[in-house]
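Letters A, B, C, D, E, F, G and H name the chains as they come in the text, with residue numbers starting at 1 for each one.
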Amino acid sequence: MDIKVLEQLLAEVRDGNLTVAGALDRLRTLPFENLGFARVDHHRQLRQGFPEVIFAAGKSVAQIRGILTALQPRTTNILVTRLAPEKAEVLLPEFPQARYHPDSQVLTIIQGEIMDQGRGVIVVMSAGTSDIPVAEEALLTAQIMGHRVEALYDVGVAGLHRLLAHHELLSQATCLIVVAGMDGALPSVVGGLVDRPVIAVPTSVGYGASFGGVAALLTMLNSCATGVAVVNIDNGFGAGCLAALINRKD
Amino acid sequence: MDIKVLEQLLAEVRDGNLTVAGALDRLRTLPFENLGFARVDHHRQLRQGFPEVIFAAGKSVAQIRGILTALQPRTTNILVTRLAPEKAEVLLPEFPQARYHPDSQVLTIIQGEIMDQGRGVIVVMSAGTSDIPVAEEALLTAQIMGHRVEALYDVGVAGLHRLLAHHELLSQATCLIVVAGMDGALPSVVGGLVDRPVIAVPTSVGYGASFGGVAALLTMLNSCATGVAVVNIDNGFGAGCLAALINRKD
Amino acid sequence: MDIKVLEQLLAEVRDGNLTVAGALDRLRTLPFENLGFARVDHHRQLRQGFPEVIFAAGKSVAQIRGILTALQPRTTNILVTRLAPEKAEVLLPEFPQARYHPDSQVLTIIQGEIMDQGRGVIVVMSAGTSDIPVAEEALLTAQIMGHRVEALYDVGVAGLHRLLAHHELLSQATCLIVVAGMDGALPSVVGGLVDRPVIAVPTSVGYGASFGGVAALLTMLNSCATGVAVVNIDNGFGAGCLAALINRKD
Amino acid sequence: MDIKVLEQLLAEVRDGNLTVAGALDRLRTLPFENLGFARVDHHRQLRQGFPEVIFAAGKSVAQIRGILTALQPRTTNILVTRLAPEKAEVLLPEFPQARYHPDSQVLTIIQGEIMDQGRGVIVVMSAGTSDIPVAEEALLTAQIMGHRVEALYDVGVAGLHRLLAHHELLSQATCLIVVAGMDGALPSVVGGLVDRPVIAVPTSVGYGASFGGVAALLTMLNSCATGVAVVNIDNGFGAGCLAALINRKD
Amino acid sequence: MDIKVLEQLLAEVRDGNLTVAGALDRLRTLPFENLGFARVDHHRQLRQGFPEVIFAAGKSVAQIRGILTALQPRTTNILVTRLAPEKAEVLLPEFPQARYHPDSQVLTIIQGEIMDQGRGVIVVMSAGTSDIPVAEEALLTAQIMGHRVEALYDVGVAGLHRLLAHHELLSQATCLIVVAGMDGALPSVVGGLVDRPVIAVPTSVGYGASFGGVAALLTMLNSCATGVAVVNIDNGFGAGCLAALINRKD
Amino acid sequence: MDIKVLEQLLAEVRDGNLTVAGALDRLRTLPFENLGFARVDHHRQLRQGFPEVIFAAGKSVAQIRGILTALQPRTTNILVTRLAPEKAEVLLPEFPQARYHPDSQVLTIIQGEIMDQGRGVIVVMSAGTSDIPVAEEALLTAQIMGHRVEALYDVGVAGLHRLLAHHELLSQATCLIVVAGMDGALPSVVGGLVDRPVIAVPTSVGYGASFGGVAALLTMLNSCATGVAVVNIDNGFGAGCLAALINRKD
Amino acid sequence: MDIKVLEQLLAEVRDGNLTVAGALDRLRTLPFENLGFARVDHHRQLRQGFPEVIFAAGKSVAQIRGILTALQPRTTNILVTRLAPEKAEVLLPEFPQARYHPDSQVLTIIQGEIMDQGRGVIVVMSAGTSDIPVAEEALLTAQIMGHRVEALYDVGVAGLHRLLAHHELLSQATCLIVVAGMDGALPSVVGGLVDRPVIAVPTSVGYGASFGGVAALLTMLNSCATGVAVVNIDNGFGAGCLAALINRKD
Amino acid sequence: MDIKVLEQLLAEVRDGNLTVAGALDRLRTLPFENLGFARVDHHRQLRQGFPEVIFAAGKSVAQIRGILTALQPRTTNILVTRLAPEKAEVLLPEFPQARYHPDSQVLTIIQGEIMDQGRGVIVVMSAGTSDIPVAEEALLTAQIMGHRVEALYDVGVAGLHRLLAHHELLSQATCLIVVAGMDGALPSVVGGLVDRPVIAVPTSVGYGASFGGVAALLTMLNSCATGVAVVNIDNGFGAGCLAALINRKD
């Protein structure tokens, strides 16, 4: 809650335009409405500079439809993540402005112009082909938040020449998102090549002792390069948000 | 290796000022010198914008002295982390410019002016009293890299009013470092209050099922707030570096 | 076994109304009957003040029907937890007094009046929308045991204002059940706001390093707030029972 | 912060006795003072009904002395937990009212009468001899908070007759704290014998696959008895607080 | 290989009835035949006193049929464990002597008389209803190996009176198999009541922090009762074999 | 409690020799005495056929002396395990009948003749030299309980010929205790060579990914040989007890 | 990139046949082409001596078809691993030269003669029947890379005589691949019998505390035999590659 | 045991030069002698081509002295690993031929000429300075086994130019040992640069979520480069042995 709102409220009390009881009430009346199963907070966009985001995993089609319907009138841009294709198939005809990205299981609704919010370009890298869905989730997230993004996929450390061939692009980024499963070694190498923040995203790609991404996660937490931060396994959305916050104009 | 150096080298070959064999040799002559036990890379400062850093844990006094002696002539600022007090006691008389910070076990040698590199202020927070040493390591790291830092300690979530009392300071930061052990819940709360990157640092403070910081680490990786990135347990240095990269002027 | 039963039995022996062999037999005749696959203990209700409870996960429809049929004549209230919808669909027509709650997968049979057993109100909170099924299991459990319950859902710590808006309700509770997945941070915050017992229920909601609820479980076990107790992951039933025991009139 | 304080503050604004700026200032002036290394919150006692508590592990003698000195003038009762004997030896002569309990490493300072806060008696049980220190920490904590406590030690499940001999005492408790290491089986058995809340405290007693208390912790979380809640490994203090909250008069 | 066989072989060499080359050949000719995918060792029965056992999990119907067909002519008793119902349905008509036990997913073929091999009776206990399939696997295994077995199911520690009612049966066993999931506490209690070997079998019954039987496994490994040995999670077969070896006549 | 005691008690009530209240009292008077810190149960020897055992780890010299002094008058044989040498040094002069075994840190007091309780011989094996202390604890435990034991040390699977050279001894055992750290593979090999119960004891010998004995523990739990049971890491005492129960004459 | 290519490039620059800008461009033009979703590196075969390999798990039929089509014209031998039968069924008619191995889920396309690359024979062993698929993946991998391989399956340590019967074959190998699930003990035994490198491959075969192969993995990492190296769980392909590198002629 | 020894033995029996009983005796007389605490196997050198090796961790000075004294007369080369400096200090004066390497805690006794056993050169690399002790253990092990070794230290992936500067040396190795702690990423990068076997050695260097080397271990097991095998954490000795077996002349 903004300090100015509080200031004005106190001023109204001072000027007799608002009773004490009314002030207490207003202090309690916070800006969200109740859909029954989730409180949609329309002010969140203002507070955090984000589009509305719906995490669709574990939500029914009916629940997602309900939230989309409540949100849409306010011309917000909307990002739905982890939306299974069979749910998308039902929802797409109902929301003509929606676009579905099957690789990353992301649905976007762009209803307002996306203003450029960024200081520079964000580079999103993936170590292998199988890491691309997570990388795309990061890329789409940063884009809908108003940032320029370049993708550089399948540049894992076992074929170092592929990575080094793009050294110039790396050095131009304001911030890099590096997505890797299996040994998760790519962020360490990238972190040693650039002097920019590297957001490392472990993926659940792998088998056996990869433990669903734990091996890559630990590699990244123990990176011997400086400037590497880690988000949760497969959390492309989180990486995209964080990159947007880092790259945003002040 | 800079593209311009390569360009110039090729030009010299073109102009006949350098033979092919000589060019190959020069390409191999990379800018580090060999102390026997560690290659000190004087160009790293240029490449990454960092002071020289020595991780003292597991190094003998003799080894640290050797590296310091090799580095010092070049007027670099130097940061020594995880330097046990008994080692510091031996080294301090030998390096009069050195200053030791016993809480965070950090030793700094400032030999050149530290230019302001930052776009704004970095806020370093700790949840409890016992988390302060790690927070201080982060603070000193960011400072020596040329950034303005504000500290806000002992503001854990079990006493929410202490945290909320400083809402204004939080909202002014370019980037926040949030240090917490035990339940590691503070970054989630801070991440919900600000729209800036939050670097979460789990600490090994706690007992029993805190598992040396693993509980706090997992809490932070699973933060339901957006914009939260995580570094290794007790890695104040890494958090300071990352904050410096995020806050730096382009 | 009640001390008075034993006292009376001994008195009968003393008075010659019962032989030693008969006394030994009676001591062995404990109050449960054998359905073949599970001993239904009708005295448990007396001993522990609970309705009959059936944990349906891993039981076949035939097994559940058998237990329900054995229990029902005695006019006990019955609570069936973790009953999959497809099993409920078969059983509902056969037990007209049964009511199924699809969200929480709970089936209740209310055959006697539920007397108010409580000293006050129990507040059940959930951090996110996806945590509601577990919260509902807790709520229904406490209700069938004779307690007044208030629900407060989707008040996670990343949107602190939603939680603080309900501070008054929190302070009126005799006991609070706080259900949270992902970072599991909500009980720490609630525990700092109230001076009542907080029963923390981790849920398996989350992905990656949430490890099926382990992250939330560890957060709660390491809570820096006092007065927080933890039950098993997704154990809404256990939380409801415990709250009922805490809130019960002496 | 109490709703009445806020109400009065708004009334002062309304009545012109307080400017808007002054009100904002007062809203920020929260009741804690700054010792430099930890904010001592004197209102916490009021908010949560607790004595002042100092967790001494990881704090130096100087830090503990500082906090004690700041707290003592206000005639609060004080509980210091995890105070190593060598630290206690230094502090005891300086604080004549202090009493040290070497088994549980607890130091208490009783400066005001302890009023009876409880509805009934709390029973503290330990499975083995080695679990007693943790049980004592729980016992002393509940006592200083104004509760009657009975101890029942060394009644582990491998000698069931010892436990059953005390069935009557168990049935008289309002709430039971059950402390056990190794297999951690005692709370399950106790939970089946009583219809009161059981607070299970795993201890780090054991070796090999006890993993510092993890085995006991998991046993307790998976207890097949109802009404069992779990706190962190070795967390006698937390168990004592929780029992006090459960047993307190409304 | 028996020392007597070797002795006789050497005697034949000595007596000129066997050449050196022939002796080497015979030493190599070990008693198993090759089915292509598994070496069936017909002498194993002699060496270890067991019926032929087939672990069917992960084997196709064709593979199981092949092994059964190779084994059957030799009139051995056969035990097939972990045979899914859909595989059993195919195999039963082809092997008329086979009997399938759907609860435990065990198939038995009894072709020779089962001689009593035991010194006494083995008692198989289960803590809950859901643990019965594993208990039945143990029971059938011990029976086919020639041992008398008594079953005692659903006697978990949360209802101690059920267990104590059978104290006499327990005290008559030569060896006890105790099967339990969730908290796995039953073997500790049984181990304290009897002075016979207790084979503890953890099951994967449970949810959340039971971790597929790990909680019960750890409880049993840390049992504070003496005379408790542990086998793998859900390993009813192994428990039955071990009980048979313990109970066998010398 | 024996059924005959109960029978007699009831008879006394019947005959008017005992009042009801007296009978209840007697039922409560169980045979243990209270030393203050541990209930010494003198009937345990009768109930379980064991000598008195004191687990000295974590007990002070004063506590051990207290228990020994209480036990000794009753001419029981006594076994003290995990007794550190510095504690033994203090206690030995005070208890002249005591004998200390420094390798296994076991102290024995033999005050009565040890009658042979066994059906045959128990073989105790160790894989490596470093596993011998745990093996010796098992050996001494079985011996004091009245069993013949043969030791066979340093016969790990990496030098298979050493093990096979003793095949005859193995085949003569009634029961085998197999102690191994590191890869823990020895019990699997031994279990395949004999048709007797094998008690596998993992030790904490090893480094790196042995995780203090967890690797060996898991190997043993997953043994592909039949007839292998497992006890806790380093639990030589438990293995000795179990072997004694298996080998005992009926 | 080969040093000779660089040498020639520099010579062209020297001779004026290549401009500096052109040289920089050529340095960047690395030998891979872009299929959109994965960079196929045709030079990899030369650099590492391997056939082209496609890891099919997680790739769609369309993706695999695309890569096969791009690779095939260049007459490379191709190995596709982890190809599910239903995908193979679609692809086989389209690639007539392909051969599918259903046990190991491997597809091979042999388009050029496979030259013998080996110094000797590689022996591939499996402990059980269920481990054969992983062993076959290793065998086919080594074969397509030009090596002679002998298979020895179902020779686990619980039936030691089966293994020892093949001692001669073991001693003739240049390198051994030993595949085992459950207790994973076979490599330790084999490593003690031979003086050649042993590549240990843990498999996910097992249940309960085998934790999907972790038990076998730890056993192998802790092998007390020398000369044992470990690859990831179920990684038959990796073992085959490594054996090929070890066995290759220089 | 060699087949020829057996052949000759059988021939002696045939020729009447050896009785059956004598033959059985001789078969049992295996070539090791008993020092009381460890069987020293002098034939192991022949069987496996290794020097005698003593793992000194956990052995007393007296035990090490005993083994050394028993071994030395036979002019074997001896390698003692993990010998703490304080033990070395005692032993060095007693064994004048011994040489101690304090960094790697290795003691060597060279009593015979070391013949070159290798096909080529082994390269030993370390990622950081702190990994050198483990690398040195590997280097000394391979050297005493008769192999040429080149060291390349402090070439971690965060400074890729240091590694690439030595590409030529890497490409000349027959086999590479790559030692790394923290993120353990170096073997993946090296494995992508060479077409030779890479033995990856994780070290316990690191802190926090490195979990004593587990992070590096997992990284290496999940390496996306082919030809990488892994040994236990800090197992320099094992890596050296394995490299020697790989590099040895046939």
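By definition in this document, a residue touches a chain if its C-beta (ideal position, glycine included) is under 8 Å from a C-beta of that chain, and two chains touch if they have at least 3 such contacts.
Please read all numbers here as calculations on a predicted model, not as lab measurements.
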Set of chains adjacent to chain C and to chain D: A, B, E, F
Reference chain F; chain at largest CA-centroid distance: A
Separation of chain D from chain H, taking each centre as the mean of its C-alpha atoms, in whole Å: 54
Euclidean distance of C-alpha centroids - chain A vs chain C, Å: 38
Computed distance of Cα centres, chain F from chain C, in Å: 41
Junction residues of chain F, two or more chains touched: 3, 159, 208-210, 214, 217, 221-222, 226, 232-233
Touching pairs - complete list by chain label: A-B, A-C, A-D, A-G, A-H, B-C, B-D, B-G, B-H, C-D, C-E, C-F, D-E, D-F, E-F, E-G, E-H, F-G, F-H, G-H
Chain F to chain E touching residues, read off their complex: 3, 47-50, 53, 119-120, 167-168, 174-175, 195-197, 199, 217, 221-222, 226-233, 237-238, 241-242, 245-246, 250
Residues of chain B touching chain H in the complex: 1, 28, 30, 32, 37-39, 41, 44, 57-59, 63, 202, 204, 212-214, 217, 232-235
Complex contacts: residues of chain C adjacent to chain A: 129-130, 132, 153-155, 159, 161-162, 165, 205, 207-210
Chain C to chain B touching residues, read off their complex: 127-128, 156-160, 182-185, 188-189, 191-193, 206, 208-211, 214-216, 218-226
Chain G-touching residues of chain B, taken from the complex the two chains share: 3, 6-7, 10-11, 13-14, 16, 19-20, 23-24, 27
